[in-house]
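To start, the structure under review is shown below, and the notes come after it.
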Amino acid sequence: MSETASKGQDYESSLSRATSSVAEFERRKGLVPKIRGALHSTPALVPLIVLVLSIVVFGILLGSKFFSPFALTLILQQVQIVGIVAAAQSLVILTAGIDLSVGAIMVLSSVVMGQFTFRYGIPAPVSILCGLACGTLMGFINGWLVAKVKLPPFIVTLGMWQIVLATNFLYSANETIRAQEIEAQAPLLQFFGTVIALGGARLTYGAIFMLLLFLFLAYMLNQTAWGRHVYAVGDDKESAELSGIEANKVLISVYMASGLICAFAGWALVGRIGSVSPTSGQLANIESITAVVIGGISLFGGRGAVMGSLFGALIVGVFTLGLRLLGADAQWTYLLIGVLIIGAVAVDQWIRKASA
Amino acid sequence: MDQEGIGMTIQPVVQGRNIVKHYGHVTAIDHADFDLFPGEVLAVIGDNGAGKSSIVKAICGAVQPDEGEIKIEGKPVRFHSPLDARDMGIEIVYQQLALSPALSIADNMFAGRELRKPGFMGTVFRQLDKKRMEEFARQKLTDLGLMTVQSINQAVETLSGGQRQGVAVARAAAFAKKFIIMDEPTAALGVKESRRVLELIQDVRAKGIPIILISHNMPHVFEVADRVHIHRLGKRHAVVDPKKISMSDAVAIMTGAMEPPPVEEQQLTPKAA
Amino acid sequence: ESHGMATSACLITKTDTNPFFVKMKEGATAKAEELGIELKSFAGKVDGDHETQVQAIETCIADGAKGILLTASDTSSIVPAVQQARDAGILVIALDTPLNPIDSADATFATDNFLAGELIGKWAAAKLGDEAANAKIAMLDLGVSQPTVGVLRDQGFLQGFGIDLGDPNKWGDEEDERIVGNDVTAGNEEGGRKAMENLLAKDPMINVVYTINEPAAAGAYEALKSIGRENDVLIVSVDGGCPGVQNVADGVIGATSQQYPLLMASKGIEAIAAWAKDGVKPQPTEGKDFFDTGVSLVTDEPVDGVESISVAEGTERCWG
Amino acid sequence: MDQEGIGMTIQPVVQGRNIVKHYGHVTAIDHADFDLFPGEVLAVIGDNGAGKSSIVKAICGAVQPDEGEIKIEGKPVRFHSPLDARDMGIEIVYQQLALSPALSIADNMFAGRELRKPGFMGTVFRQLDKKRMEEFARQKLTDLGLMTVQSINQAVETLSGGQRQGVAVARAAAFAKKFIIMDEPTAALGVKESRRVLELIQDVRAKGIPIILISHNMPHVFEVADRVHIHRLGKRHAVVDPKKISMSDAVAIMTGAMEPPPVEEQQLTPKAA
Amino acid sequence: MSETASKGQDYESSLSRATSSVAEFERRKGLVPKIRGALHSTPALVPLIVLVLSIVVFGILLGSKFFSPFALTLILQQVQIVGIVAAAQSLVILTAGIDLSVGAIMVLSSVVMGQFTFRYGIPAPVSILCGLACGTLMGFINGWLVAKVKLPPFIVTLGMWQIVLATNFLYSANETIRAQEIEAQAPLLQFFGTVIALGGARLTYGAIFMLLLFLFLAYMLNQTAWGRHVYAVGDDKESAELSGIEANKVLISVYMASGLICAFAGWALVGRIGSVSPTSGQLANIESITAVVIGGISLFGGRGAVMGSLFGALIVGVFTLGLRLLGADAQWTYLLIGVLIIGAVAVDQWIRKASA
């Protein structure tokens, strides 16, 4: 029976004559379908549109006060820390996880960089490497607990948050290392604070680093196998494993990358605030998650584009600066930012729906 | 059920003995045996819930049995995950398909063994060769007669039921080295597409790779199978030769309407070569 | 927009949920209105939210403000941002909390938090008399990150009470047997109650309670009340807000150190107005490196050797 | 394709005209028509991805068509969700089953129409009558021949593929009033269980409730269908009478190997009563 | 063909003789399978075991200081606010949502109760009703945005958190209403603070309310149709809708219930701290989520039991008090709680695995 089988049931006799052309339908033409297509294939486009819209609106309301190279690059600077952390957060959220320890890891890494240099007199470059290693290690612990012990990421990173933050306070003895000292003795720590002035625009290396980081991650996620695995694991871990992806390795690598990026954020933080301050970054987790979600990445994993998080962070930055310049006072600003966060995502949802 | 006496020299590719799996109160596998021999198509048939999917999952490491032993080519193995099995060249089409819904067809097809661009971009920047993967995926689907897939970049969750199944079957067939397990590969497929899968199974066998085929479609089973393993209530109930037994007797044994033939009349090993 | 016409000023506080800063803002707003200054106020989201303060300073620069009133969350880390503002020709006045170093700001209008703590510490010790040697003290602090104000008040209290400080830059390292323990309250009633309960479970015979501020004191009082010990325990606190002073009157708190945020803020606005008009900077108080807006102990049970004002007087000068 | 001229008085239960549905670049329904008449079993056949599932989803409100109109018993309707359809007594067995994986069999069967305890506990405390629901569920599954379900409190995600499908079919059959749509109801079912579903379909028709049956199993289709709607490339390609056409011609039309018969020879309405 | 069909394919001829008995396997007997069965069918049992274990461990370490009616009921009191809020949070998380606004709703409701009584002179019972209505309304807005506008719950409640909190500060002008005034003029506001002393045990009405609330919710979730729908919606919203559940109504009802429960928490808060203080409850969201997750409810919805959240809250309470009594100082306690949160969930996971 194995040779030249009697082609099954008799009703299948006509199958050999079945057409073998691929189904073709006329493509709908015109601008609208084109835009829809673009929105579909580039998920980060939607937050980008919201971002541009909000810049335009504030530009109209505030004129040159807002719509100046100075103010616009200021937003980049103000957003850089949250932005870098949001990049780390995006990776974790894409795997259907969440990282509440980002802020703590960032601060501890910067404290390590500072204290190693000043308390133990280790050369700054070595201290910086130690700080980066420290962040990566914290990330590894997170990843190991999530992947191997199979604990929920929320709990793991919540616990790590407390542990790392307390370690940070205990280790640093709550002492700030002052900017003047750093400038004098280890200016490398402030590297990311270096300013490039172009006319009114003032870019810092930190802001540039953030932009490059996002481009790099976008490349990694879209163009390499690792990136596809990150999406697959976040989409459905079990299916990913069944279909041959080493889900645990991917998870651990993602949390390590997150830790490393947070450590870079810690370095950038020294550049931004000048000093090494153990009390910074307390809101980094909630702010980074906000940026990621506004950027259109699903908290359930597997869906969204990392560039969206950059736009998400910038949207919040634009709102904050814009509202402040409009003269809203602090509580009103918080209230309005609350409204606008919901509004931004509602617009995002609406654009998606209209383009479906 | 010793089979050493009969076939003598043929070593089974897979040999499972006394496999047991409980889930809480539920008994999914109840001291089941299993044998797959080189180059054959072994069909597994049985009622819904008989434990067919469970036993093949136990074989490929997707489920850890509570008891029993499994040998691959004579060597006892204990797979901790399906990855271990895949590394040995074992491919499986799961009944629940195991696709990542949000990813594209090509991404799913190449999950875990992506192709990189040739040259610098591939080795240093590790860039994927998306074009090559898409072409390959498109080709495989067309081979299966799935010509209605309009865009190869569609997410799998937007495919029709049959198209999804096609992706899973194409993936397994393309990459298997040692053997393939197909758990109801044609359940959602159309007439034409099912026919292509049967042809594919015969092609694979022709290459010398054995296949385990789980199916409820008796005409299909009797058309391609070399031996038919009848599973009932978590156990191997009988193994019969589809050329010697009628479909209706096989169905009767499977549903409990008829006693299985005595062991010596069963087809526990393929006919001596 | 009307900018360029009116002088504009910024008020940046640690948070704007703490009544202390709310009052500070009220004082600044009232004075600004009176002098025709346009005031924008900013605040961190939580205590210690340093980043938001940096952003606030940048925003004020972008906005072309003439002066900034600042209560810094992180007194040394904020310095580069302050320097940037001063470079842009803005007058920066530190309110309540001096920067580190103190001359990083153009001027400082502050209370001496250490002194505020010392006053209640001395008062408590004097009140107990000889029993002070056997006191069992609960220390209800602000937060685990040990912000400077909290440390200053805590250490001031201990100094006043006559306890060896260890490192004066942090709390919790003292070895005196009389301290039952430190716990954190986040400066509110809920935290105060929980921290008090925890320490009471550790030693139910606590008889002196230092609290970081009056809400925490009110929470601690509830915890004591629930076990019927509210009358045998001495609670001391710092701030001098109206509800706090009222609590002193009601016997909830034994004594509190009163500060004057309204005064700080209105003085600050005046200074900015003067700077905008004639370019003069304010001068510090004689003999100090800052302009001291003062602190007074409010209690109806004065003790010898510690200067205090009555509750009636405290009520007159209270701020919220 | 006007049918007014022929059947005259028979009003279709469902009438769809010119239905279109695009998903981005993908055309799932391309100006398709659809008719279901009272008391009949209408089979829908077609290649994988032809658009069968899409069109029945459009009919029951699970998908909102871009164009076209749908009438139920002569009245134009626009369902915004499948709930609207269910309220009219329309039940559907989805190809992807639409079960809540973590819930038990009984919970799934009664989702949205739970039974409450009689008396005080039910009316005031709104307590569920779990026992009655479990008994009912067990009974329905046994009727379908799914006797391997060991515990009626098993979560649906722990059931075998066929058992799951049985739950979905049993649910639809138990509650339908107006008509039932079954999208490949026997795909995962065993020989015995499939047979029971075919019997069930005939029982339902005997009660006067019409059924839309999507299936790739030609013998099944030709056994139970009164009319066969052949779907191809998103369109209704032809409607044939299974008693007048051979299976092999139907398959040929479906796969594009043969032209459909001219409209006047098609079976656009049931034979005049 | 419709009458007496020719029984299909010929190979099916034997089907009529197929056995029709239901599959039976011997049940495994003995204690271990019994325990396993119980753990399987009662998901809240695992956190309960962890809770009992931790009480035992601290009891051994600390003796009667901890293992006394006083200390144990003190934990109940300390946990009551987080516990009540965790009940609300559980409902939302069961629907695969998250409610970050719980703390803000709680505080605003208590402020409304207080200010209506004292600022406007409205009788306390009416004010309390207004406060409860206010919480329910906030919940309704959350639910409406999630269900109808289809925004992610994280974003909706993040926005509401900011909005409600800012409203709270703006409306209350940060003024505390003192315990003494409430006691004198509207003691009903402090109702939940009433203490029942039984020997050393000191129970408050608030703690009892919390326990009753959990029992009530457990009943609702397990014994009513609404409860099953909550699980179904959380499990897979789309499937639930397709199978005939009015998912949007369920979602809105859940968020409203959450708002109402939070308002009750606000009332209980007045009982606990005596006064009405607009700055309370800032950590209620993170603490309630922690309790829920430690209690074994999945953040992905549809799995877990509400009683677990009660045990989760108590576990954290036991650790906190136990560690303080052991003499750990504040920073170390903070660190150790991080470790123990991870540890508790790891034990939980291990028990589940061992019982699988």
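Each chain carries a letter (A, B, C, D and E) given by its place in the written order, and its residues are counted from 1.
Everything that follows uses one rule, which is that a residue touches a chain if its C-beta (ideal position, glycine included) is under 8 Å from a C-beta of that chain, and two chains touch if they have at least 3 such contacts.
This structure is a prediction, so every number in the text was calculated from the model and none was measured.
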| item | value |
| --- | --- |
| Chain-contact steps, minimal, separating subunit D from subunit B | 1 |
| Chains in simultaneous contact with subunit D and subunit E | A, B |
| Most distant chain from subunit B by Cα centroid | C |
| Chain of greatest Cα-centre distance to subunit D | C |
| Between subunit A and subunit D, centroid-to-centroid distance (C-alpha), Å | 45 |
| Computed distance of Cα centres, subunit E from subunit A, in Å | 30 |
| For subunit C paired with subunit D, centre-to-centre distance based on mean C-alpha positions, whole Å | 72 |
| Multi-partner residues of subunit D (at least 2 other chains) | 23, 25, 27, 49, 147-150, 191-192, 218-219, 233, 251, 255 |
| Set of subunit A residues in contact with two or more other chains | 9, 11-12, 15, 18-19, 23, 25, 165-166, 169, 331, 334 |
| Residue numbers of subunit C (touch at least two other chains) | 16, 46, 144 |
| Full enumeration of touching chain pairs | A-B, A-C, A-D, A-E, B-D, B-E, C-E, D-E |
| Subunit E residues touching subunit A - in the complex, by the definition given at the top | 96, 145, 149-152, 154-156, 158-163, 165-167, 169-170, 286, 289-290, 293-294, 298-300, 331-332, 334-335, 337-339, 341-342, 345-346, 349 |
| Subunit D contact footprint on subunit E (complex, rising order) | 1-2, 5-9, 11-12, 15, 18-23, 25, 41, 219, 223-226, 228-229, 231-232, 235-236, 238-246, 302-303 |
| Of all residues in subunit D, those that touch subunit E in their complex | 41, 62, 81-83, 86, 92, 94, 97-103, 107-108, 111-114, 116, 125-128, 142, 145, 147-150, 153, 171, 191-192, 195, 198, 202, 205, 219-220, 223-224, 226, 242-243 |
| Residues of subunit D touching subunit A in the complex | 22-25, 27, 30, 49, 218-219, 233-234, 246-252, 255-258 |
| Residues of subunit D defined as touching subunit B within the complex | 23, 25-27, 46-50, 52-53, 95-96, 146-151, 154, 158-163, 166, 184, 187-194, 216, 218, 233, 251, 254-255 |
